[in-house]
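Across the two complexes that follow, subunit A remains constant while its partner is subunit B and subsequently subunit C.
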Partner chain A sequence: MLDGMKKSNAKLIAYGVLSVVAIAFPFISPNRYYLTVVTLGFIYAIAVYGLNLIVGYLGQLSLAQAGFFGLGAYVSGLLSLKLHLSFWISLPMAAVVTTLVALLVGLISFRTRGHYFVIFTLCIGVIINLVIEKWDDLTGGVRGLIGIPRPTSIGPIDFISLESQYYLVLLFLSLTIFVMSRIASSLVGRTFKSIHNSEELAATLGINVMRNKLLAFGIAAFFTGIAGALFAGYIRFIGPDISNPHLTFELLLFLLIGGQATIAGPLVGTLIATGLTESLQFMQEYRMVVFGALLIIIVKFFPGGLVGAAMKLKTKIEKRMNKANKSEDALSKGENHAAKNRGFN
Partner chain B sequence: MLLKTEALTKNFGGLTALNKVDFEIQEGEIVAIIGPNGAGKSTFFNLISGYYPSCSGTISFMGKDMTRTPTHEFASRGIGRTFQTTNLFTDSTVLDNLIIGYRSKTKMGMLDAIFNTSRARRDEGASREKATEVLEFIGLTEVKGQPVGNISQEAAKRLAIGLALVTEPRLLLLDEPAAGVNHGETNELAKLIKKIQQTGTTVCLIEHKVQMVMNLAHRIMVLNYGSKIAEGTPKEISNNERVIEAYLGGAAHA
Partner chain C sequence: MNLLIQQTVNGLTLGSIYCLVALGLTLIYGIMEVPNFAHGHLYMVGGYVTFFMMTLYGLNYWVSAIISGIVLAVLGVLLERLVFNPMRNSPSSNKFIAAVGAMMFLEASARVLWGSDFRSIPAIYDNVVVMGGVRLTEQRLIIIAGAVILMVALYVFIKHTMIGSTIEAMAQNRDGASLVGIDVNRVAMLTFAVASILASAAASLAGPIFLVYPGMGSLIIMKAFVIIVIGGMGSIPGAVLGSFILGLTESLGATYLSSNYKDVVAFAILVLILSIKPSGLFAKGAR
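Coming up: the complex of A and B.
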């Protein structure tokens, strides 16, 4: 009991420190360039959280995520650009449309498994990309959408300055992390994990595998759609490239670096990878050589990503400390233990 | 009666794995299915647990037809099962395995999870309570916090049975519960199975350990080449000529 309280206290402190850093960042950031990069990183991180739910928790590798990101961006962009709708309407609309499309895709794609599912979703991503690129009348084709309005101001709060945009994105990121951690620690998240572990066993225990897969897929797309809409409102120019499967693989890279099936992983991975990308600008195309090597090292030696590796290290240290503490009274307790074991039945 | 199959048949390509099997399971008994390797025992199990669809014939459970029911609904209708190769959620602890096993009895959804509603808390509490109760029943309370990979083969077998029990089945199907454990542990597992039957759950098991089956089962069905060749009490079965022939081969006659 005391241990648990200590643990939750430590967690609370960690969250507090992180929040303070996140809120103070615009003031401590040495220049505006960092702020731009971090804001963009946060937007991608929201999409990576979506990916984490289906890849990390549910265990289904979906490669359609850039398609959903692009869909969210275009729905939001078109609604605010052509129908002059408020950002606060176009963003939820983007999330809803993306979710509906994902559910439709999921209904078909979850009839396949393993490699077939991966290839199927890759195709969906390519199709969405092609539709955006070729539907010239609606999407502007390769020219894209130019001059998307900024997020509409709410009363006295406007989103013109870089700082205010940063806080807007930070708010959505915090909401995403909150929702994801609630899901992960609940029975719903455990159900996803059980499907990851063994679909057959989950079904035998009465879990409706198809419905749970659709649920995870839908939620993932919902957040990816929000990320897309935030991107459209932040960058204010979008082209078909943002729905290119290249982006899917980038999001996947962020997830693998940070650590799948962890709550901190997507954010850590995204920030580190985007930071690295920016600091390696001077290498131009060759920076992919660095990423390639990094990815191989992580997949080979840290399958849980950086966060997974850190957690492993932590439990190892805790175990060692516990052992040191307990070794003294272990002797006296040992006899008791053995007696209990014998009285098994 | 609890479960009834009529002319139940399964073909895999040209191979008839199960051929027109009629069988009944009465409420409260322990029945066993035996037969040489490849006789169709596991196929029969996979059909009556909804794991495979049958090719022809019918399955009814508590008077309701279940021939076309999807796999995940078998658990909620009251049929639980274990697998021949011990099937557990290997990433989780012993307790967490049982908690997720209770999932189909809980109602909380995504929104309950996000807003941590009273229903979510109630369901989590109920799952934990049920898991703890089953843990006690199968005698694994001592290792509840252990990852599944760390427990012994016999404990894993118990946990697999516990996982099926968490779903609160009327009929429990056990596919070779004592495979790969030693003699002493086999006796312990037999005790557990007896205990399950005494709490009112009907048990149907496949087992190769003849001694265990003879001591445990009220009734035995014998399959060979996909067909039922005998059915009766352990005594009747051990004296049945067709059964002896199937096990020892036709040469026994000559």
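Coming up: the complex of A and C.
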């Protein structure tokens, strides 16, 4: 009981420190370049949280995520560029459209299993990518959309400065993490995990597998769509490349570096990987050589990623400390016993 | 009418290239249940090796193609040893991710080593043959003939040689094959070698018509996946049939529907088929 409280206190403190750092970051960051990089990292992290729900919790490798990201970006970009809608209308619209498309895709794709599912979702991603690239009249084809308006200001708050955009993205990221951690600890999250472990068993327990898969897929796409819309409003230029399956692979890499099926993993992985990418700028070309090899090594030796490895280490230390405590207890007890015995003699 | 015949021949050319790539993919899947995402990039490396053999060393087209096959066989075996063999007991999605990693690695390495330029294998058979009012370049005929010869060779190898039949035995029943003394590791390496040779042959044949560049494997590998899903993963006749269906649909679709969306056709076919039959057209007992 006491232990539990201590643990939750420690967690609260950790969250507190993290939020202070996150809020103070624009002031402590040595230059504006870092701020740009971190903001972009946060946007990708939101999409990685979506991927985490599907891959980490539900255990289905969906490779359509970049397609959904691109879809969100283009819906939001087109609405604000061509129809001059406010960002605060185009962002939710992007999320809703992406979710609806994902539900439609999910209805068909979840009838397939294993490798068929992976290939099917990959094809969906490619189709979205190709349609965006080829539908010249609407999307501008390979030229992309240029000059997407910034997020519309709300009353006195505008989003012109880099700092304000950082806080805007941070807000969405915090919301995402909050929702995801609630899902993970709820019955729904445990249902997803049970499907991950064994679909047959889950079905036997009376879980509607199809409906839960759709739910996870929809939620994931919702957040991916939001990430896309934020990207469009932040970068203000989007091309068909952002829906390329290559982005899916990169998101997957971020997730695996951080650790799948953990709450901290997506953020940790994304920040580390994007940070590495930026510091490896001078060897831009070799970046993917390193990352490709890294992906193989991670998936073979550290399937839990950094967070998974840290958690394993922690339980190991705790176990050892518990053991040490117990043996100390046993020792002192033994001494007492010996003393008593002596006393008797 | 001439246009129709012309496009049919183009479709057969395209189908032949797809076929050689898809055959390797389906062989590997049949033996190891590994969706080898990097297979298209083996095709890419094969194209580069042939290209450099011809331009740097001035070798004959056919000699270059054979050297490329040997180099690729070694690369394929390396891939199996370094990536897929250590992963054989991992969950299937992890194998997929490892394959994606191998793919990124190969593409990035090609960019680093050879740059992102588009190159073309020098065409030596670019004479035009006129047959019944249809004009064809010799290279297209060579592609179709080459693919047919390789297919027959593969058939003979698997059905009529001892070493080749171990591949079929392993695909049919892994435990049974081990039980009669077939070495799993050797068959796995052999399969990767054969599949890589087929991929390099496809690239050598296609090189003079299509271009050679680091990203050339990305689209073809996805199409090859579409093909083997259509044909049933692991099925050899299915892969052949699927390749020609796709090649013909694409080339006729590009002519009569829209050339802009011709690449979408492949993926649309797959979505359509899996919507109606979630386990593929000719699935062999798999779900």
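The criterion applied here is as follows: the second predicted complex is superposed on the first by the 326 of 345 C-alpha atoms of A that agree within 3 Å, B and C clash if a C-alpha of one lies under 4 Å from a C-alpha of the other, contacts with A are read in each partner's own complex, and residues count from 1 in each chain.
In the analysis below, a residue touches a chain if its C-beta (ideal position, glycine included) is under 8 Å from a C-beta of that chain, and two chains touch if they have at least 3 such contacts.
Quick caveat: nothing in here was measured; it's all calculated off a predicted structure.
Applying the stated contact rule after C-alpha superposition, one finds that A:143 touches neither subunit B nor subunit C.
Of the two partner chains, subunit C is the only one that A:287 touches; subunit B does not reach it.
When the two complexes are overlaid on their common chain A, residue A:61 makes contact with subunit C while staying clear of subunit B. Once the two complexes are overlaid on the shared chain, A:82 sits clear of subunit B and of subunit C alike.
In the superposed pair of complexes, A:314 makes contact with neither subunit B nor subunit C. In the superposition on chain A, contact of A:182 is made with subunit B only, not with subunit C. More residues of subunit A are touched by C (comparison of subunit B with subunit C). Subunit B makes touch with subunit A in their complex at residues 49, 51, 71-76, 80-81, 83, 87-92, 96, 99-101, 103-106, 108-110, 112-116, 120, 123-124, 127, 139, 142, 163, 166-167, 188, 191-192. For subunit A in complex with subunit C, the residues that touch the partner chain are 55, 59, 61, 108-109, 111-116, 118-120, 122-124, 126-127, 130-131, 134, 245, 249, 252, 256, 285-289, 291-296, 299-300, 303.
Residues 35, 83, 86-87, 90, 92-94, 96-98, 100-109, 111-112, 218, 222, 225-226, 229, 233, 260-261, 263-264, 267-268, 270-271, 274-275, 278-280, 287 of subunit C touch subunit A in their complex. Touching subunit B in their complex are the following residues of subunit A: 179, 182-183, 186-191, 193-194, 196-198, 200-209, 215, 219, 340-341, 344-345.
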